[in-house]
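Below, subunit A partners subunit B and then partners subunit C, in two separate complexes.
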Partner chain A sequence: MATLVFFYFAGVIVLTSLLVVALRNPIYSALSLLIMFFHVAGLYVTLRAEFLAAVQIIVYAGAILVLYLFVVMLLNVKREERYHQQFPIGAFLGLTILTEVLLLAYHRSSANEPALPLSQAARTMSNGQSVATGVAPAVGNTETIGEVLYSTYLFPFEVASLILLVAMIGAIILAKRDLFGEGKS
Partner chain B sequence: MFNFILFTFAFLLRVANMVPLSYYVILSAIVFITGVVGVLIRRNIIIILLSIELMLNATNINFVAFSSYFQNVVGQVFVFFALTVAAAEVAVGLAIIIALYRSKSSINVDEFQLLKW
Partner chain C sequence: MVEVGIKIGLSITQIAVVMGVVLLTVMFLTLAERKVIGWMQDRMGPMEVGPYGILQPIADGLKLFFKEDIVPAGANKFLFSLAPILALVPALIGFAVIPFGPNLTVEIFGVQFQPFVISDINIGILYILAFTSIGAYGVILGGWASNSKYSLLGGLRAAAQVISYELNVGLAIVGVILLAGSLSLVKITEAQSGWFWNWFIFAPPFPQLFAFVVYVISSVAETNRMPFDLPEAESELVAGFFTEYSGMRFAFFFLAEYANMILVSCIAATLFLGGWNAPAPFLQFHGSWANLAWASGVFWFTVKVYFFLFLFFWLRATLPRLRYDQLMRFGWKVMLPIALGNILITAIAAYLFPRG
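Coming up: the complex of A and B.
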């Protein structure tokens, strides 16, 4: 059952990510990326990361993709030739890495490994150690993330807000046509 | 509605999740390679940014799978930060695309050869 759900999500993710690269129209590419984001969120739910699934849908599908669609429709590009002239090199590189990964996976799958949640013994062992920060208790996903984020990772959190501020100012300066009134356009 | 179905699924899966970790790693590797190939072979600069989004999502899948594997929530915190950086990257990248389109009225990367030689 769980494997079936995983293969559904994985199949749709791989298919839509191939469509993003292969489709000619940028709007269709963006929409297939939207489908991929939703299925990645579903994969997060099966991995017990409900908070991240919600954030994935809200931020990626709700904000980032809408921004993309705005720009695609704003620029209103005519269809151009699809692939770069270095297409053979890129395809060769991609095929090489892909065969490498598949060979690695094939070799790895001969050795047995535990299924995704660790066994109960291993979990209690990691609980017994002193690295208590971030070991997920039974409270819930969002509470645990909040506690870790606002205690251990407080400084990176503030830096992230600074990054967003800088990106906002940079986007305004880059996209505004006549910021200081110098140009005569 | 869709979310509700997903959450009931998650509740069922909580009993027995038997998918090995290597499947998630292979999935994220395939998505990442798709993103790399997309950056290399496409000419439309918007598609190139979308391929970068694909790569970021592949790393996020990896982070969440390992976080679930080790029963450690720090991986999800890092996905949170990666998401913030992705949002910033999209804002700045799309602003750059608009500025480029104003100067050349094209979004084909072959047109932007100013720094080549």
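Coming up: the complex of A and C.
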């Protein structure tokens, strides 16, 4: 049953991701991206990461994709032909990455490593229980993420927030052209 | 196998009851809004259909049902049909996690069953935020697919407005989550039991009064209601994003707007005003009547929700519409700093004086 659900989500994700780049109408591309976000969130739910699923929808589907749509509608592009002449380069890059993925998958299956660093952390929190059975029911998924983020991964977390702060300041500088001048912005 | 069947049956019954109540409330609200605004403006409101016009919603419904369904020339048919559904479904789906009454568990045919909440998931409030943000797609796509400049402008305004004010809604809620220590709406309500000063709007260590004001204003903006109804400003854009819609498709947008109003009122009542908790312990059934406590719980929840719904009408009758740049400046330069400051102070207060 779980495998069936996984393959449903994975299949739809692959299909809609292809449609995002293959469709000519940018609005349809954005809509298939929306369907893809929902299925990624569905995958998170099957992995018992409800918090990540909700954040996935709030951030990507609720904010970022709306901005995409906003720009597409503002420019009023009905059909985009310019970006469909890069097939050779795209195919070359795609093939390279596909080979890489297959090689990595082969190595992983032969080496039998643990899948993700986060699952390791979750494992230690649930006292040696396997990840598939989920985190101990007393501690919710959200609490686990919070604990891990502010203890094990504190440094990467702070670095990420610093990068975001730099990006934000950069965007403000770019938008406000005469920041030190006298003219009105 | 039988157990699963009973579970599914109970869930479907529950969903049907909640949807029925929501849709009936919408029907009632359409009349109540016209009556309340009429009285505020010293008019009578609708008076023709039935005694005192109380059958007006039925007449409106029949009219919408039999109206010709028009798809404008040059419109994108697929998206034009999809948009009203995309607007309505997220508005209704949010009610799945709202606790309408006390957190009871009864056993029916050997199946555990919570009668007053369809599904108490541990990320309840995030679930609602996720789906309310999806509602914007219906408005944006409806505006785009209509192939009309008024609709397109309305859709664009809706996109900008929803993104700006959703942020404030999310940040205003964080203070409550900090104090409650949970994302589940049932647990958040249970953390506010007892007297009314335990409600998060008044609660120690730091009352969420500022968050409450930010939440209410932002939710009015998010539901595209007066004075933030720029996506459908009739004096500028005819009717905004649903200019080209008629008949049942228009009714879907209409239902979505009112269902969203009820939803944000339910969230405000749950998060800030204690949900089903009575203002004082003696104002609910207790002692020998204790097994009827659920009735008073549902009553208090309804009272709080209707308070917010009345607030929506009151604002609409009182305030003029904002200009677009005022709307953006207000959202980003006034509401956002207040919400952020509230989080900072609440976090410090919750650290220094942890709740027992």
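Going forward, the second predicted complex is superposed on the first by the 113 of 185 C-alpha atoms of A that agree within 3 Å, B and C clash if a C-alpha of one lies under 4 Å from a C-alpha of the other, contacts with A are read in each partner's own complex, and residues count from 1 in each chain.
Following the convention adopted for this analysis, a contact is a pair of C-beta atoms (placed from the backbone, for glycine too) under 8 Å apart; a residue touches a chain by one contact, two chains touch by 3 or more.
On a predicted model such as this, the values are computed, not experimentally measured, just so you know.
Trainee: Counting only touches as set out at the top, which of subunit B and subunit C does A:Phe6 meet: first, second, both, neither?
Mentor: In the superposition, A:Phe6 touches subunit B alone.
Trainee: Comparing subunit C with subunit B, which touches more residues belonging to subunit A?
Mentor: Ranking subunit B and subunit C by residues of subunit A touched puts B first.
Trainee: Between subunit B and subunit C, whom does A:Met73 touch in the aligned arrangement: first, second, both, or neither?
Mentor: So A:Met73 only meets subunit C here.
Trainee: I'd like to know which partner A:Leu34 touches here: subunit B for first, subunit C for second, both or neither.
Mentor: A:Leu34: touches subunit C, not subunit B.
Trainee: Could you tell me if A:Ala63 is touching subunit B, subunit C, both of them or neither one (first, second, both, neither)?
Mentor: A:Ala63 contacts both subunit B and subunit C.
Trainee: I'd like to know which partner A:Val55 touches here: subunit B for first, subunit C for second, both or neither.
Mentor: Touch status of A:Val55: both partners.
Trainee: Which partner does A:Tyr153 contact after superposing on A: first (subunit B), second (subunit C), both, neither?
Mentor: After superposing on A, A:Tyr153 lies in contact with subunit B but is clear of subunit C.
Trainee: Where on subunit A do the contacts from subunit B and from subunit C line up?
Mentor: Shared contact residues on subunit A (touching subunit B in one complex, subunit C in the other): 50-51, 55, 63, 67, 74, 141.
Trainee: Would you tell me which residues of subunit A are touching subunit C in their complex?
Mentor: Its residues touching subunit C are 27, 31, 34, 50-51, 54-55, 57-58, 61-63, 66-67, 69-70, 73-74, 76, 140-142.
Trainee: Any idea which subunit A residues touch subunit B in the complex?
Mentor: Touching subunit B: residues 1-3, 5-6, 10, 13-14, 17-18, 20-21, 26, 29-30, 33, 36-38, 40-53, 55-56, 59-60, 63-64, 67-68, 71-72, 74-75, 77, 80-87, 89-91, 93-94, 97-98, 101-102, 105, 108-109, 113-118, 123, 126, 133-136, 141, 144-145, 148-149, 152-153, 156, 160, 163-164, 166-168, 170-172, 174-175, 177 of subunit A.
Trainee: Across the complex, what residues on subunit C touch subunit A?
Mentor: 76, 79, 121-123, 126-127, 129-131, 133-134, 136-137, 140-141, 143-144, 152, 155-156, 159-160, 162-163, 166-167, 170, 182-183
Trainee: Considering the complex alone, what residue numbers of subunit B touch subunit A?
Mentor: Per the touch definition, subunit B meets subunit A at residues 2, 6-7, 9-10, 12-14, 16-27, 29-31, 33-38, 40-44, 46-47, 49-51, 53-54, 57, 60-61, 64-65, 67-74, 76-77, 79-81, 83-92, 94-99, 101-102, 106-110.
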